[in-house]
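Naming follows writing order (A, B and C), and every chain is counted from residue 1.
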């Protein structure tokens, strides 16, 4: 009899624990799914929110499959707009812009001075992102505008997000890679940025949207408000983002 | 089985099995089989399969060829530094994969410890298929070696001693006695090593990067195909399951002598089993 | 056949193993309590153990000489070693086990040991006695110059043991090889060996024919180990050239051995006669005591009387109608009372 009671109590505790794990949707801080390039700046805008940083395309997929995000911040409008069309998020708001740079390790082993050098060097360890990752999209946009798409053949790796590119450059393993200007800011000691011709710059627009059916809608709206506030914009500017 | 206890056991088993089997079955039935097969024929999937098979084969062959004699030496000798040595072999097991990747870069990368030497020889390892092999060997190898050491240690030294007194040198003793008797443990250890290797992601992407047809293994491809073409991702997942199931079953067929290497029996000692 | 010369000096767990012995075409048994280092001796001869100092040579062939830096690996020494638990290869059948050292004599050996019908069986399927025969056959397949047996009978049950002991004694006679066997049972040693060495804590206390050990045990340990009763007392010269021993329980005993001071008095169970009263016979030692236990052993009975264990025929026990608790007299001659130094 006593053993049965003990087992029953154990089961009850287990169920309660599982229920507690369920969604984490108590009234509390907002859960923000944000593009990898926002890793350093977002916690400064809103220290109390909870974050998940990854490539925007991956986050979009997870949210479309019911991930418990309250806010989605994407490095490309493509993903927020798609989710908006699908009715998964409310109307997206632009909160920042960014630009692309060509980055090389501080030691610049391949002696790159400009984007044209990338085309000229016969053997080059170029790291790019997959074509579904925002930075990958933008990179191809840049190269298309410069008629240098063939440079992609030199890619030795298609990274799943921009942090992977930054990492390989920072370690000195890659010779060159396309990253956001803000990334070089945060890894300034290990990376050197090489400006791209103005005409080649794509429009890198960051959009944020409240996820429909969010458990913490209050906190979610608060977060977006913080993002668009004077303080928030100052943080973004300080990190090197452009402001709309 | 009619007692409440028996019922509870059966219930627990049913729960455990269903929980473990469900996600695996789901991979195969989430989309119609026709689509699944199409996914498997996708160039990304085919390339990933080829890369995985090539690198896994080479990596595991090297692990077994180098790891087995090493494990035998460690197992059959007692020396003061032994606990230290075994710990060193096991260390990669507790490293997070990303750290393992960093370690590999720090050793074999362009600016790593051996970077300069390799450069002189004209060998550059990161971003190559060799890098994938290295990553797999580093994270999965210790599983095999650790199990192999244990398997060789459990071979009754009286048996190897007997072989020596019967005229067999150390080599013949290893091949005719120690190896067959340890084979069960070696096989089980290798299955674990293989599983870890084929699922390897973190160290690979860090050290070898991910390029279709060159370094993109099945695990890396799933990650990329996930949001590009979910069907292809499922297909790749299915391929991983099939390969793993095949290997695990094959290993089970190796005759096991691990439990009863001592020829003396009591009434309750198990006899050699398949 | 050459002589096996053996000299060892090796530290073991809590004592030093020290041995210096030569054997020709004979069987020598090393007897002693477990852990006395006996197995280490065999392993050193076989080459499975390198002693700190030692020399092992078969005639001219030196297998080990630590001073000269010679050490032959086991496979180059001509030994046949039968392990205590037989160490048969579990993954090979009997034929392959026996033939592991060399395949020419396999059939002949299977025949000789009457295990031909088991050729295809695995060791796991065999009985203890069968496994022992396979182990012996296997050890002999290489035509070894020396045979080493580690506790050859201890893994067998009592019934099989008696049979195997006889067969083994015959076999050793037939083979005529220098044979060294170790055992913790003195009776086994006496039955199988030409010479017996009692080894305790790494030291050989006495080495000689079994009968000699019984007739004149070198010390208390050898005496009790060979099965004697051991009483303690104080000795001094007595009348008629005998030595008088005042035992600890105040009884007085007499021995034809010389001795003085504190001694052990050893007398073997089969030398003790029992009676209800003191008989007027030539035995001068009479010890009264209570029958504490009666243990039948085939056609004999072991009777514990006071501090002594006597062995008499079952028929006599019947005749005397011995019961537990009764007072009887245990008698033995002064010539059977051996005085040994107490260690």
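Here, a contact is a pair of C-beta atoms (placed from the backbone, for glycine too) under 8 Å apart; a residue touches a chain by one contact, two chains touch by 3 or more.
Predicted model only: the values in this text are computed from it and were never measured.
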Best-connected chain pair, where connection means C-beta pairs in contact: B-C
Chain at the geometric heart of the assembly (C-alpha centres): B
Longest centre-to-centre distance from subunit A, chain (CA-based): C
Computed distance of Cα centres, subunit B from subunit A, in Å: 34
Centroid distance [mean C-alpha coordinates] between subunit C and subunit B, Å: 53
Averaged-CA centre spacing for the pair subunit C and subunit A, given as whole angstrom: 83
In subunit C, residues with contacts to at least two other chains: none
Subunit A-facing residues of subunit B, complex: 4, 8, 102, 105, 109-111, 126-127, 205-206, 208-212, 214-216, 223-224, 226-228
Interface residues, subunit A side, partner subunit B - complex: 4, 7, 57-58, 60-61, 107, 109, 125, 127, 130, 132, 155-160, 164, 167-168, 171-173
For the subunit C and subunit B complex, residues of the former touching the latter: 43, 46-48, 73-75, 77, 79-81, 83, 85-91, 100-102, 122-125, 131, 138-139, 141-142, 155
Complex interface listing, subunit B residues touching subunit C: 156, 158-159, 161-170, 176-177, 180-181, 255, 257, 260-265, 271-272
